[in-house]
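Here the chain labels run A, B and C in written order, and each chain numbers its own residues starting at 1.
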Amino acid sequence: MKLNHLISIKDIGKKEVLKILEESEKMENLLHSKKAVKIMDGKILATLFYEPSTRTRLSFETAMKRLGGAVIGFTDIKNTSVMKGETLGDTIRVISDYADIIAIRHPYEGSARLASEYATVPIINAGDGSNQHPTQTLLDLYTIKREVGKIDGINIAFIGDLKYGRTVHSLCHALSLFNNIKITFISPEELRIPKEIISDLEKNNTEFCEKGHIDLKGIDVVYMTRIQKERFPDLNEYQRVRGTYKLTLKHVENKNLIIMHPLPRVDEIDPRVDNLPQAKYFKQSFYGVPVRMAILKILLEN
Amino acid sequence: MKLNHLISIKDIGKKEVLKILEESEKMENLLHSKKAVKIMDGKILATLFYEPSTRTRLSFETAMKRLGGAVIGFTDIKNTSVMKGETLGDTIRVISDYADIIAIRHPYEGSARLASEYATVPIINAGDGSNQHPTQTLLDLYTIKREVGKIDGINIAFIGDLKYGRTVHSLCHALSLFNNIKITFISPEELRIPKEIISDLEKNNTEFCEKGHIDLKGIDVVYMTRIQKERFPDLNEYQRVRGTYKLTLKHVENKNLIIMHPLPRVDEIDPRVDNLPQAKYFKQSFYGVPVRMAILKILLEN
Amino acid sequence: MKLNHLISIKDIGKKEVLKILEESEKMENLLHSKKAVKIMDGKILATLFYEPSTRTRLSFETAMKRLGGAVIGFTDIKNTSVMKGETLGDTIRVISDYADIIAIRHPYEGSARLASEYATVPIINAGDGSNQHPTQTLLDLYTIKREVGKIDGINIAFIGDLKYGRTVHSLCHALSLFNNIKITFISPEELRIPKEIISDLEKNNTEFCEKGHIDLKGIDVVYMTRIQKERFPDLNEYQRVRGTYKLTLKHVENKNLIIMHPLPRVDEIDPRVDNLPQAKYFKQSFYGVPVRMAILKILLEN
């Protein structure tokens, strides 16, 4: 497996995805063993966060430190040379000489790709605006594999903001690599799944349908999303749709399904749902660690 | 000793306090040996600072790193998911899956207790508003033990802001667990020790008195406090009392006592006092490291 | 070699400089070996950045972590006790008890020297205002040594902001310790090299001349500088001189010289120059790591 960078889930095929999920399982076993691991002893990960994202940053740092490696980085554009007018290319060239691998989060689409053109070490895209966040997609797939037992043949429902939700778009693409997937999109009219995503599914012959209300008959995986205030140019629009697509006990009780959410969530899931065995969103967040460990290991082995 | 979390000094009895002080002494010896310690090799401490406190954060990080462990965390609420509306409970559930132990500092009273209800790993309260800061109290006790040679039977004077001073309140409670303690409270009228603290002392039969001026006859330990501007709703009130209770050479020269201060200080101690052998406030700050090492070790062993 | 602190390049003589450069070469070999190094195992570096400087901070952190050590610190004055009125002396006394060595960056001249008076561990000046930044000077010298093959006898041209450029002033002083150096200062009238620097060179019999245009005949080393907006009280003055002293292909093609720049740069070097073998500014940035490793090692060995 030859993987120099991890920029977009679209750059990797099913074979690479399966390899990463397999490696993730080994990493999960390492974590459960509670042993001090030295795989990355002497190695440095740089976490360059031009946009705050505590959860993603801490997950990457945890992954690297669990592997015995070290981390350098910044969490805020305010304290960087960017403020002195430095280009992203220059920053990446400099950091390439400090670190063995770089995870970058940046508000602009395409910035991680651009970074990979200047880097002499592997680049991991930890989110570039509304574009890609491939490690999230891989941990989503890993959660499905671990908690449903398979990915092929699953019946998944995405609920909420399907228009702006980057994680939904990337996961749809990744699922289209698998066999016999059925997707149900459940959203208000103004947050429907974009046409490009639909085209992508049609091209791969992935079965899907769209609904305007929550209906989970036959569903194996419910993928909830936060309706993000910051995505809305109009606050009235936000106020109207929030809460409309809220998951409650009656939707999921006694159903053989798992509930996922990329987190953070606000009020789109009734807190009583948290205690159901179906609720897997915190497990999903945990799975981010072994998946990122696997990605660090695979990229650094190349 | 069964200690799951360290939320309040009031949760632990004399036996636990003595056990922590004993373990702290072992940790201090480890530090003096200058050897690389591997007790926490492979373990991760999360420092979640929702409110800035460089000294406390660096002391915890030093403790963990001196034990051979790693640290993840944030120093500022601005860059966290909290800004996206996430509850403290959700953050704690997520971080519990990243780290082996969590130190939390939060501006709201009761937040550390709340965190411990969601955590699946030990929580250490690193300060929750004006409420509790138990590791400070333990390092205060350790300083007394190391520098006076005993805790039972000491004669201690608290000077300055005794109304708002969280460290004073907690230390008073902790001292009331010991025998034959005598406490002198020295403060301006408007910053007198609160009635609840007095009641607590009376309940435990701890001897105390109140004074309006500095008088250190027979005192073993002087505990100075900063008169914190941010505690005063009225700046005029602050201006009037600051400097009134300032410790100078004449108060302490040729007296067999030690001077403590939780730091940072502003101008409540004459700088010439720093050079006296009685001045122990920097030593006290240093003792924060072995005490926090002991707490990390004890909590992670359970 | 007895070096307690590294505050100013003027504190150390040629012998110490050569010793640091020699140790840097060993450190560079260690880095190239890609082995996990344990020289600083169990040791802690504190990076106290009262002023943001991502590049310098990450370079120090990388150096310490490549040596197997740990790092604590802050990146921003906002989250420090300074905001509560603490003096630098008190902060340094406290941090001296946490860390084995301290790198400090501070906006005020003389602050690193002041810090060294309170510290009980070695202090490294990582920049104090427009005054000193000795590790930059040492990495500049190391770059010359490694890329030209020698320091004695070189012919160096400094271009751009020679008035406010701290790195230029310090490097001039350091070069004056070597033999047969020839310096050409190329700058607009309002950014000419200050009289103090000229006097220093004259005292050491270092040959120099001043020019108002770029002319690189016989030059071995071109040292470019950024014309920093923040140094100019008058924005009009800045607008007038920026871009005037821009290095282009025609200045350096087919010439046997190396091009250095302390970075970050804005537009003072044509991007096409980056691909020339003469362009060494990213290499120079990389050399900051082995040089800082050497400095950490030498100071901690004393």
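Assume contacts are C-beta pairs under 8 Å (C-beta built on N, C-alpha and C of every residue); 3 or more make two chains touch, one makes a residue touch a chain.
As the structure is a computational prediction, the values presented were derived from the model and not from experiment.
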Same or different contact residues where subunit B meets its copy subunit A, judged by the half mark: different
Angle of the C-alpha superposing rotation, subunit B to subunit C, to the nearest 5 degrees: 120
Distance from subunit B to subunit A - Cα centre to Cα centre, in angstrom: 40
Of all residues in subunit C, the ones touching two or more other chains: none
Subunit C to subunit B touching residues, read off their complex: 38, 41-44, 46, 70, 72-74, 78-81, 83-86, 90, 93-95, 97-99
Subunit C residues within the subunit A interface of the complex: 34-37, 52, 54-55, 58-59, 61-62, 65-66, 68, 75-76, 226, 228, 263-266, 282, 285-286, 289
